[in-house]
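Both of the next two complexes hold chain A, though its partner changes from chain B to chain C.
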Partner chain A sequence: MNDRQILTRDLLVLFGLTGWALSLPYYGSEFAVSMALTCLMYIALATSWSLFCGTTRYLSLATAAFFGIGAYTSALTLDTQGWALAIAYGAGIATAVAVVMGALVLHLRGTYFAVLTFGMTELIRHAITTWEKQVTGTVGRVLAVVPERDTVYLTVLLLAVLAVATSIVVRRTRFGLAMRGIGSDEQRAQTLGVDTRLVKIAGFALTAAFAGAMGAAMSVRWTYIDPTTVFNPFIGFQTVLIALIGGAATLWGPLIAAIVFSLLAETLRLQLPQLYMMTLGLLLILSVLYLPGGLASLRWDTFKGWWNDTRAWWKEKRYEWSGDKARDERREKERRVVL
Partner chain B sequence: MSSEPHLSHTRPDGTPHDPRVPLLLDAHEVTVRFGGLVAVDAVSAQFRAGELVGIIGPNGAGKTTFFNAISGVQLPTSGRLVAGGRNLTGRKPHRFAAHGVARTFQTPRTFAEMRVRDNIEFGLKFAGRRPRKYVFWGDEESVPWALRTPQSILKLIGLDTLADLPAAAITPSQQRLLEIGMALATRPKLLLLDEVAAGLTEGEIEDMARLIRRMRDELDLTVIWIEHAVTVLLRHVERVIVLHQGRKIADGPPAEVVRDREVIEAYLGDEMEPGQEDGPAAVLLPGDRPGPAGPGRARSAP
Partner chain C sequence: MSFGAWLELIASGVITGSIYALVALGLNLQYGLMRILNIAHGEFLMLGAFVTWVATTALGWSPLAMIPLSFALTMALGLVIHRLWFKRLTDTSPNVDVFEARALMVSFGLMFLVQNFASWVWGGELRGYDYLTDPVAIGSAQFAANKLLVLALSLVFAAALIVLLRTTLYGKGVRALMQSPTGAQLVGINTKTLHPLMFGIGLGLSGVAGCLLSMTYTIAPAMGEPYTVTALIVITLGGFGSMGGALAGGLLLGVVEAIGMHYTSPSLKSLLSYSVFIAVLLLRPNGLFHRKR
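And then the complex of A and B:
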């Protein structure tokens, strides 16, 4: 397939999925819609995360910070500014924070970057808690005016579609190419003329904008928010896990993994609540060991490869356990002595 | 050589050593210090348009660090760098690339998972990009035809048949060529080559040298070439700079430099057999790794 055909395919798939998701509230149960909301939230978070962090290989754990900032902005502005503006403010403030944070930490790589983004998330969470205690006197706020269920669902769907569409488009632009270059060899990209600092800050801000908007839209689901809920580091970790298991460098990987995960998480939470986190950890280990490219890299050949490997391993074991191997080795030794 | 087409048709053969030729890069007292270690010690050098300059020196002499400094990769501790009349001291590498300084790395650093063609296109889309208005007004004419498209660059470096392979799949010597292609795609004025012939066979080294001369002659490029294999380098360059322990100890035509007392003591000494000290033939012997016993042996020779 050439580039144009791939673009057409991606857009058609996105169009089809959107249509399906649009029809869901008309026939789905309350439970299905609520699960779809979680699904869409993680699709948007993981897709926008992997757009920057997957291509440039800067592992950011700050998603929870942007999500929480979005949620708080929405909680503060929703009753005076209205739904659309509240989300826009959430995205805007998260972007602004990302620009400042990016300018401070994006010159670091690897573990340092990951740890610092996590540290900043905690810093922001505690700063907001302190501010609430000192200034407003109460921790947490109640969202009194909440839009209808369908409005929330459509907004979250719109954001998720926007995230995937942005990912499709950005991957084909110079900006996307620059980020791929940074992921491959940052210094080389720089000597070929990429202003890496600018590109990294812009990419980080783009990720934050989606996380902020999503936080603003999802905050109404809780009706009461406090820093521990919306700045929950687990939101950030789960986003990273989904993107990695799906394949952070791919377009559809995070989306597939987000769907699989939300379904799996819900089922496990209901059936085996104690095993939920353990299963997640196990899945991550398995995917890192046997499927480093993520779910999106699964092909028919992958299964064939696993099958052949298993058969070869079994054949070798049978050879060993039947005693044939020991016999052959003994004969080989004797033959060498004779010669 | 005459059977191959001329690469630019924009300039008749220039005179490289003409002092009226504009200064492309002026490095003034460049010093790079790592903690207590002075890797490059106040090195000044001027590079004019159309020159082919070699840089030699023993291991750890600061050749690559000097390269890193004049391509912006390493921030110099002190000193001044002026490229094309613009002071670029302390700027990031992409500013150097935008002002026509391109480089290759000692170990090829291609974008492994991208195709060979995309590796070339990368430079064309960033430092080598012509803003649309120039293309519209026909300024593209001033770009030599060999540097206009990824295809023509691939043809120039001889990788046009491998364009669709991932860069990780080609051999190390092809990767070195690809590195040069990536640098050419930024449409540079000054090309810095860091040990591009290391690890190549005799024949490949000759091909590489021919490619370098051709780029210089026909693409209007200034080339600075670091090489460990001194013999090849001295045969092809017109000016050679010798670095030793971070200092510049000689700068001039190869024939003069190999007679220089200090250079022989510091670097070429161990390659000279007693009684053969006159004439550049002395350095054409194989081997270029001066051991610790090198200078001592040269001094003890009768």
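And then the complex of A and C:
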């Protein structure tokens, strides 16, 4: 398939999925819709996360910060400004924070960057908690005016579709190529004339905009928010987990993983919440070890490779346990002495 | 403020600081030697604390007897984890950068695994037991006996590790590996035994810290994460890979937190430590005590 055919395929798949998701509120139960909302939220978060972090390989743990900022902005402005503006503000403020944060920390790579973004998320959470306690004298906020369920659903769907569409388009622009260049070799990209600083900050801000808008849209689902709920580091962790297990460098990987995990979460979480989290942890370890490209890189050959590896391993062990290995080594040694 | 009150304040900072130092030393060993930034490090502290709690309340054993046991247990766990996952990761990663990112992810998974295992088995409540709670007067200040014991023991363990690394041949090998992995391997230092061993010892120290901690504070399955973060802060303060720096950084952070909390409010504790952390990482990424050579 050439590039144009892939683009057409991706757009068609997205179109089909959108149509299916659009019709869901009309026949699905209340439970199905709420599950779909979680799915769509993680699709948008994971896709926009891997748009920047997957291509440049900068591991950001700040998703929870942008999500929380979006949610808080929406809680503060929803009464006066209306639904669409509240979301726009959420995205805007998250972007502004991301630009400042990016300008501060994006010169650091690897572990330093991951740890710093996590630290900043916690800093923002604690700062808002303290501010709420001391200045406004509350712990959380109640959202009194909540829009209709269908409005929320359609907005979240729109954001998810926008995130995937942006990911499809950005991959084909100079901007996307520059990010990929940074991911494979930052110095070389710099030498070839990419303004890496600008590209990184722009990419980081783009991720933050989606997370902020998503936070603003999802905040109405809780009707009561406090810093511990909306800045929950688990939102950030789960986004990263989903993107990595799905395959952060691919387009459809995060989407597939988001659907799988939201379904798994809803079915397991009610009965055995710990078991769900343990599965998540174990799956992450196994996917990093045995499937570094993520679920999306799974092909028929991968299974064949595993099968061959297991057989080779077993053959090796049988050779060792039967005593043949020891005998062969001994003979080898004796032969050496004779010569 | 009277002299006694000052002494109490500083001492309480040093006591928490010594636990920070012990946890940070283990993490620093893992990161400095193997480039594994073990986010799950604090979870093993939690495991050590819970094992001690079970032995003390259900079996009636002395927490002191649990110190070597929790060390051995978490160290054995560390060896198994290294054999199962990190060894394979070292073999399959093309370069150090990729290894570092993947090791971070694996330890994330490990964190989820261990933390939720504990809350599945023991439930999420706060737990604790009483041990040596009588006050001891030193000058005009008063301390709980168990806190003094914790301070003494954690300083002993931290010093023991540092002395071992300074004087023994193994320690020399470890320091050589930290300076230059390839060079150390060229002169015949065996990474195949040193890596699992040091990973195990790192986790073992964390287990000991948990055991000591359970003597004075209440414990819960979620207690590990704040300590991981604090340990990260401490090793950034002291410089990645520097053992003396981690000890000094831990004590310093404990005292700064204690004084800061006294002058502002206890709810600002995390805000304070995160600000210190970010300021140090941005301004002096090689650690406070780093000198240019």
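By our rule, the second predicted complex is superposed on the first by the 309 of 339 C-alpha atoms of A that agree within 3 Å, B and C clash if a C-alpha of one lies under 4 Å from a C-alpha of the other, contacts with A are read in each partner's own complex, and residues count from 1 in each chain.
Simple rule for what comes next: a residue touches a chain if its C-beta (ideal position, glycine included) is under 8 Å from a C-beta of that chain, and two chains touch if they have at least 3 such contacts.
In this text, all values refer to a predicted model and were calculated from it rather than measured experimentally.
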Is this a clash or a fit when chain B and chain C both end up on chain A?
fit
Touch count on chain A, higher of chain B and chain C
C
Mind working out whether A:278 is in touch with chain B, chain C, both or neither, as first, second, both or neither?
second
In the superposed arrangement, which partner chain does A:289 touch: chain B (first), chain C (second), both, or neither?
second
Quick one: is A:115 in contact with chain B, with chain C, with both, or with neither? Answer first, second, both or neither.
second
Have a look at where A:174 lands relative to chain B and chain C in the superposition and call it first, second, both or neither.
first
Is A:237 touching anything from chain B or chain C once the two structures are fitted on A? First, second, both or neither.
second
Looking at the superposed set of three chains, what is the minimum CA distance between chain B and chain C in Å?
6
Would you tell me the residues on chain A in contact with chain B in one complex that are also in contact with chain C in the other?
none
Residues on chain B engaged by chain A in the complex (per definition of touch):
71-73, 92-94, 96-98, 102-103, 105, 109-114, 122-123, 125-129, 182-183, 185-186
Once bound in the complex, which stretches of chain A touch chain C?
57, 59, 104-105, 108-112, 114-116, 119-120, 122-123, 126-127, 129-130, 133, 237, 240-241, 244, 272-275, 277-278, 280-285, 288-289, 292
Residues of chain C touching chain A in their complex?
37, 85, 88-89, 92, 97, 100-102, 104-106, 108-113, 115-117, 119-120, 229, 232, 236, 267-268, 270-271, 274-275, 277-278, 281-282, 285
Chain B-facing residues of chain A, complex:
174, 177-178, 180-181, 184-185, 187-197
